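After this come two complexes, each holding chain A, first together with chain B and then together with chain C.
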Partner chain A sequence: QYERVGADVTMKCGSMDWDAAVTWTVNGTDIDESHLNGAYLILKNVGLSQSGQYSCYEGSSWHLKYQTNLKVGTPPKEPVLMCRSNNYPKGFYCSWHLPTPTYIPNTFNISVIHGTKDMVCEKDAIPKNRCHIRYLQLFSTVKYKVTLTVTNALGKNFTTLTFDEFAIVKPDPPESVVAKPVPNNPRRLEVSWQNPSSWPDPESFPLKFFLRYRPLILDQWQHVELSDGTSHTITDAYAGKEYIIQVAAKDNDIGTWSDWRHHSSSHHPLSFLAETTSASTSSFMAPPTTKICDKGAVVGSGAMAVCWTAGLVVAAYSVLFI
Partner chain B sequence: MAAADSPSTALRRRDLCSRGIRLAGKMRADVVDLLDAYVEQQGLDASASVAAVEGVPLAAVERWDEQTGTQRLLENLAAYRAFRALLAQMLEEQREQLGEADAGLGRALAAVLLQVSAFAYHLEELLRLESRGIPGEEEEEEEEEEEDGPPPPPRLSLFEQKLRGLGGLRELAQWAVRSVRDLRQLAKPSPATGAAPGLAESS
Partner chain C sequence: SPTGDSWGIFTFLCAALCNLPALPALNCSEELGAGQSIQQTYDLTRYLEHQLRTLAGTYLNYLGPPFNEPDFNPPRLARAERVPSATVDLDLWRGLTGNARLAANYRAYSRLLCYLRVLDGQVGTAELRHRLAHFCASLQGLVLSIGGVMSSLGYPLPAGPAGPPTPPGAPAAPNDFLKKMDDFWLLKELQTWLWRSAKDFNRLKKKVPPAVVTLRLEARGF
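Up next is the complex of A and B:
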């Protein structure tokens, strides 16, 4: 039995007379008589905490006369829907969620229309709120229309997205961003990365990249856009300073840039690394100008308080494995 | 069955493809700007859906990845020839309607027309490289000898002209992207013979 938050709920004790002597319980606990009107249970302005199993027993025999599982919830608000192609030109996926929980089970139904054609959105096993569509055509000017309907026992709601094939193309961030010092060039850092593994055909659909970097102690980023290749040499690094380096990717011709993580400069360097999930971010130390193993040039916790060359390797692995 | 590429053919193809990709990229950028100007000048809704119009080749294609190189070149060439005719007509209509009132749009249309013509010629070069006959040339020459040219298409209303222009420029922008992708496919060497994939016909 589903009821809205704030509703007044009246429960009848099965076929018992309206004035019969009964006892109501919720989850095995007796309910105070003040909530009873004869054999009826009256719950005013129900809240989430009043969800539970309600039982009614005949007064003298204690026979169970009625039982119901009350679930208090809300009808669904307009769902949030997002569609994106991170594996162009194979297809795209749509994912969704509700802006606020309903506290009761919901069913989601998605429809995808391209022109007059219905397309099948195959649900992913994990995560459950996602499905993917294969492109049947490429280079179409006809828009895709995706409608998501969410239904529960208390109501339904829907949202619609309309978009062009090109507009939703957004690769995943590049992977395995690594920076290495250049021997005998203390101001240089050689940065390399790989295409995101989800991008199916980088040869036919090449990506371009956007690299930005700054010393940990400064706020200003340096930017470089690279139309080919998966490496770049930074030539103006400050010797002995720890750097944040981020790389984003975009299809060479269409769509939008991939994400990169935003960091607060107040975080501990290892916290930067720990936050690295969707963006490819690395924290590296430019080599000091003199000593190879200058501990004064090392910043961070004990895990990084090592010789700078080893520290660089530790930082790289910290990015990859934290 | 086509013979394996000579090194000079392969190099020439890669060169033509690279230049074609740059041409198509520039063309697309200019078409997008032209589309914005056209929508504004014609008082159209940029997000309006437009039904397919005769004379406007659709860029949409199924099983794009399975196309042979020859198919790609022929479909591209047919499309850009159609766009050449469409843009010429749009330019003429623009001049008739507005005279010198919007010379900027006219110049932008003319510039894109020039690029479309150049790209069509570029595609013909690629086809010649593959020793493919250029479709339609011989028939066109014969027609010019015998007649005064093909019969003019039926006159559209002013509103229909605007919609055709909107749909046409949108498709042209899509074609420019498709052409870049097609040329990249063509530029890829085949692992076995060194020929571009799909250009060799099956026997």
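Up next is the complex of A and C:
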């Protein structure tokens, strides 16, 4: 038996007369006579704690005359529905939940209409409250209309989403974000990552990336947007400081940015120590061509090692062309 | 943004000039090679998509409600089928040859351009006429650019209908509301085509045979 929170509930003791002598119990515990009106049990303004098994026994014989399992709950509020394509162009998924619990069982029914066609959204085993749809056609001008209806014993509610194929494209965050300090260059960090594994076709549907980083101790982020490639070298890191580095992905042309990989406030931030200046390079000679070096190279022997290496590379290259 | 517009105008002018057959001395597409022409065409579609957003906003406001409401989702009427649709079966789209892919784009934009020009002759406000004219010019540049890519890859240009989209005897939209619906669907199809083209050209970029570029270098005595 399902009742709304705050309702007044009256229970009859089966076929017993109003003036019969009866005892009511809830979950085996006797109920005080103040709640009785003759043989009827009156529960005013029921709350969640009053859910339970109610039984009515005839006074002297202690025969069970009536029993019911009372569940107190609420009718469903408008559900929250979200649809997203993290595997474009394969299809999309929708997931939903109730903003507040109802405390009683609910059933969800989802319908997807594309123009005049009804599409079937296949329910996922895990997580529950999620279903997915495969695109049969690409580049559709007709919107998709998804309606979610939630029903329980006390009522029903629904919500609708209408969207274009392009509007819901949002990849998963990039995977395996790794940052390595660059040897002998304390201001550099080499960051690399991979396309999210859920994105099926990065060749034809390339992703672009957004990288942001800051030292743990500062609040201001540095931003870099990259239209291709899955790596980037940060050249202005502070030596010896721990960094938070985050990467997000987006389809090159449509949709919205993914969430950040490694949100710093929830889990361990992806932090890296920019390498401290190494001391070992006094044996290198002054570089033959100083102009190839970065203008922003840090003072110290580490910078000299970079210049020397760059000089060697240019020399080798020129030899090939003679 | 102003810088975006200037850059876009520059790109479109370059693409248009480089592909005009009337100026053989400026045969830039051969110099650049197919790969770079594809990149240029891709950039043009992005520029046009950006331009269309502003144009469509203004035009739909001119049409008035319900056309300018974000949730407006009307059923397609049979008459709207004359506008070429970008919608395509997923596997079919994947399997398109370079020629078929480019030809589909070329044909679609040629026809969409015709429809847009008809629209241009009918709109009320000066601001809209100006925006439409600018957009048509850019769209013409895109058609030429696609044509240029096809030529540089050795594909024949599709023979398109040069005349107006409707045969002279056919009736125009029977009433004002249906005419506005036609305009709405035209803009929608245009927007979808521009989204599709970005993906078409991405795919083409990966597939341009390097042999084409090499041949051109050999011809120049490298």
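Just so we're on the same page, the second predicted complex is superposed on the first by the 260 of 322 C-alpha atoms of A that agree within 3 Å, B and C clash if a C-alpha of one lies under 4 Å from a C-alpha of the other, contacts with A are read in each partner's own complex, and residues count from 1 in each chain.
In this section, a contact is a pair of C-beta atoms (placed from the backbone, for glycine too) under 8 Å apart; a residue touches a chain by one contact, two chains touch by 3 or more.
Note that the structure is predicted; figures quoted are calculated from it, not measured.
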Joint occupancy of chain A by chain B and chain C, clash or fit: clash
Chain A residues touched - chain C or chain B, whichever exceeds: C
Partner chain in contact with A:S227 - chain B first, chain C second, else both or neither: neither
Which of chain B and chain C A:N27 touches, first, second, both or neither: neither
Touching partner for A:T116 - first (chain B), second (chain C), both, neither: second
Contacts of A:T100 with chain B and chain C, given as first, second, both or neither: neither
Partner chain(s) touched by A:N184 [first = chain B, second = chain C, both, neither]: neither
Chain B and chain C contact sites that coincide on chain A, given as residue numbers: 89, 136-143, 166, 203-206, 253-254
Chain B - residues contacting chain A, complex: 25, 28, 49, 58-62, 64-65, 167, 170-171, 174-175, 177-178, 180-181, 184-185, 188
Residue ranges of chain C touching chain A (in the complex, touch as defined): 46, 71, 73, 75-76, 85-90, 93-94, 185, 188-189, 191-193, 195-196, 198-199, 202-203, 206
Residues of chain A that touch chain B when the two form their complex: 89, 136-143, 166, 203-206, 253-254
Footprint of chain C on chain A - complex, ascending: 89, 115-116, 135-143, 145, 162, 166, 203-206, 252-254
